[in-house]
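Following are the structures in question.
Common to both upcoming complexes is subunit A, partnered first by subunit B, then by subunit C.
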Partner chain A sequence: MLNMTIDILDGHVPVTVLRLEGELDASNYEQLISRAEALYAEGARNLLLDLEKVDFVSSSGLIGLHSSALIMRGETLADPEEGWAAFRAVSRDMLKSKSQEAHFKLLKPQPIVRKVLDTSGFSDIMPIYEDEQTAVDSFE
Partner chain B sequence: MVQMGQGRIFTNVTTLDLGRIRRYVLESAVAGGGDPPAVDELVLAVNEAVVNIVHHAYRDEPGEVELSVSCSEGVILVILLDHGPPFDPTTMLSPDTTLPLDKRPFGGMGIHFMREFCDELRYRRDSDGRNELTLLKRFGPQLKGSP
Partner chain C sequence: MKKISLHGFGLFSDVEGRQEVAAGEVIFKPGDYADKMYLIIEGELRLTRGENEIDVMEAGELVGEMGMVENRPRNGTLTAVTDSVLLPIDRLQFAALVRQHPGFATRVMAIISARLSRRTESEVMRQSFQRELSIGRKMQRSLLPQKMPQIPGWDFAAYYDTAWQVGGDFYDFIPLDEEDSGPSQIWMVIADVTGKGVPAALYMAVARTLIRAETGKGKSPGQVLHRVNELILSDNRSPLFLSVLLAMLDVQTGAITYASAGHNPPLCYRRSTGEVEELPVHGYLLGAFAGVFFSEEHAFLEPGDTLILYTDGVSEARDEQGSFFGIERLKSAVAAAGECPVEQMVQALVTAVSEFTGAIPQADDMTIVAVQRAQAWTNLGDNAY
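After this line comes the complex of A and B, so read on.
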């Protein structure tokens, strides 16, 4: 189960805070992607994903995070039916270095979620914050 | 010696069943004395294993998964059985997590998590022609890799 709510906060720039609650897995990661696409279409350009109430993120959940990060860069995603190969093709020209994402950041992951982010290497490329205001102020 | 618990059969398994399968493993492992951090990691590994069964063994057609959880002497043992064609996830390569995301091969993160979050993974084809995957997780004062 995955619930999503939104807040718009003002830092140096407007920041959309997408608050997730529940578990992010193979059954629902596409809901996150759809929401990110909708937010971008509505004008959101800086997304902070609040993971404080997320108890579980699987490898499929990471696809949701990765896709959301690409969306915030302004990339058009390939058909999810094509799987990882499609996402890789979209991001090929983007992720030439391991610099951290500037428009997609994570907030307060729970310990097991943090382990998933660390084990996958996602914590190297997605900024993670423990304080919401600090996270909001980090967007430029 | 680890005593095997009674298994539970999940029928017509799809990704929509992952949540209840995770809860079953969590409750069984905690009831057996597993400590929460170890149990959380094992639940993640089992989740990835079940997704592999759904996608690779059953090719996304609903199928049956039998799952048993046992805890004893600082060890949690989970055994997964499915009726799909032979599929050994332990032979799948883990991705190089130092690579940028766009340079990683398709998939592989699930097996990576299974290896990282379990102390042992064993596969065999049982006498009934089923895939049998065993996930072992130690908890308590034991260190990973200790005998």
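After this line comes the complex of A and C, so read on.
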């Protein structure tokens, strides 16, 4: 079960905060991707994913995070072939990006989720914040 | 296959009592008394048995006639897919229609016959799919080690089970032989492709081959993972991730060098203290990020120690309340079976998981691989004097 709510906050730029509640796994990671696509289509360019109420992220859930990050970089995932080619190029960029250049960031993962992010290397690639205001202000 | 319809037959002007049903409404369920059949005037209905769909029927078709004619309770569930209009026809009305319109009986028989052959065809397809899948399962199993490595001083054990017919987990042992004197190193691989079923199984076969091809003398686990990651990213067509734990064991010294690509931390049972260590891991899921490097860690197995590798199907198995088996329960199970020979230890872990999950069906592939350093060598040394 995954609930999603949205707040738009003003930092240096408008930041969409997507708050998740529940477990992010194989049964619902595609919902997260669709929501990220819809938000991007509506004009959102900076996404902060609030994980405070997420109790569990499975490996499929990581695909959800990864795809959402790509979407916020302007990549279209509709065509798997093209999506993957773009994804490779983007994932190299992601490594080089400085935190303030990232368009997709994570907020307050619980220790159990933080462990999954650390084990999978995601916490090296995606900026993680513990304080919401600091996170919102970090988008430029 | 063409469906035969009673539409335009013009027989039903004298049958009263059209019944409107809303989408989602259940018209009958197993055990209900079958006192009538239905002609579908408008809409679409679905007949299911358990979780299997038997048929979807639309306007002009009859449904429920078998139970009525054979005078037995319903054995399926009939649900309206769309808002529908039905005309119920009971036994007496049916008998009257057959008497008054000789062509009616023949048309009903044609409908039943067409439906039977349609259902038989889908059953044949289902069986053929099952056969293919079962061949796939055998082929996949043949990619796993057929027997445990035989190396003096070391005992190996493994458990592998898929949630579906085929799965995305795999494990492997790759011994590197010296020219004359048996293996000096053995590489242990455990991996988990994200997702389940056929796509994961196909990807598993590719990943296994890549890892085998890249492993060799003079390479280290971190180098192999880096190279495999680059190969996957250069040739991948679909967004699948793969977690791998790659451990290189020096069978002369007991030294282990390992690297993790987003995989669960291995556990190490220490015979001398009875404690279970969670070995540190840090590394990227394969297929996710290009250009990344994998750090290596080192551990050492003393005589009597056991190293346990596992996939998240073990730690993330759930009980009826939805709680995870978790790493702490796994560590306790390892500690409880720590003194057992390695094969029994692996079996004890599997039993602990299945006692925890109870009646909940296995949701993910589950793999455990363990290696135990024999104790006999030091005992022999002590007794030598």
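For the reader, a short list of remarks on this structure follows.
To be clear about the criterion, the second predicted complex is superposed on the first by the 116 of 140 C-alpha atoms of A that agree within 3 Å, B and C clash if a C-alpha of one lies under 4 Å from a C-alpha of the other, contacts with A are read in each partner's own complex, and residues count from 1 in each chain.
Definition applied: a residue touches a chain if its C-beta (ideal position, glycine included) is under 8 Å from a C-beta of that chain, and two chains touch if they have at least 3 such contacts.
Please read these numbers as outputs of a predicted model, since none were measured by experiment.
By the touch criterion defined above, A:Ile125 reaches both subunit B and subunit C.
After overlaying the two complexes on the shared chain, residue contacts for A:Ala26 are found with subunit B and with subunit C alike. Using the contact criterion defined above for the overlaid structures, shared-chain residue A:Glu75 touches neither subunit B nor subunit C, since it reaches no partner.
In the overlay built on the shared chain, the residue A:Asp137 is in contact with neither subunit B nor subunit C.
In the superposition on chain A, contact of A:Ser67 is made with subunit C only, not with subunit B.
Contact with neither subunit B nor subunit C is seen for A:Glu37 once the two complexes are overlaid on the shared chain.
Legend: residue contacts after superposition of the two complexes on their common chain; A:Ser58 is shown touching both subunit B and subunit C. Once both structures are placed on chain A, subunit A residues 26, 56, 58-60, 62, 66, 83-84, 87-88, 91-92, 94-95, 119-121, 125 are touched by subunit B and, in the other complex, by subunit C. Only residues 14-16, 18-19, 22, 37, 40-41, 43-44, 47-48, 51, 54, 97-104, 106-107, 109-110, 112-113, 116-117 of subunit B touch subunit A when the two sit together in their complex. In the complex of the two chains, the subunit A residues touching subunit B come out as 1, 23, 25-27, 56, 58-60, 62, 66, 83-85, 87-88, 91-92, 94-98, 111-112, 115-116, 119-121, 125.
Listing the residues of subunit A that touch subunit C in their complex gives 26, 56, 58-60, 62-63, 66-67, 77, 80-81, 83-84, 87-88, 91-92, 94-95, 118-122, 124-125. Per the touch definition, subunit C reaches subunit A in the complex via residues 192, 194-196, 233-234, 236-239, 241, 243, 260, 262-265, 281-285, 288-292, 312, 316, 324.
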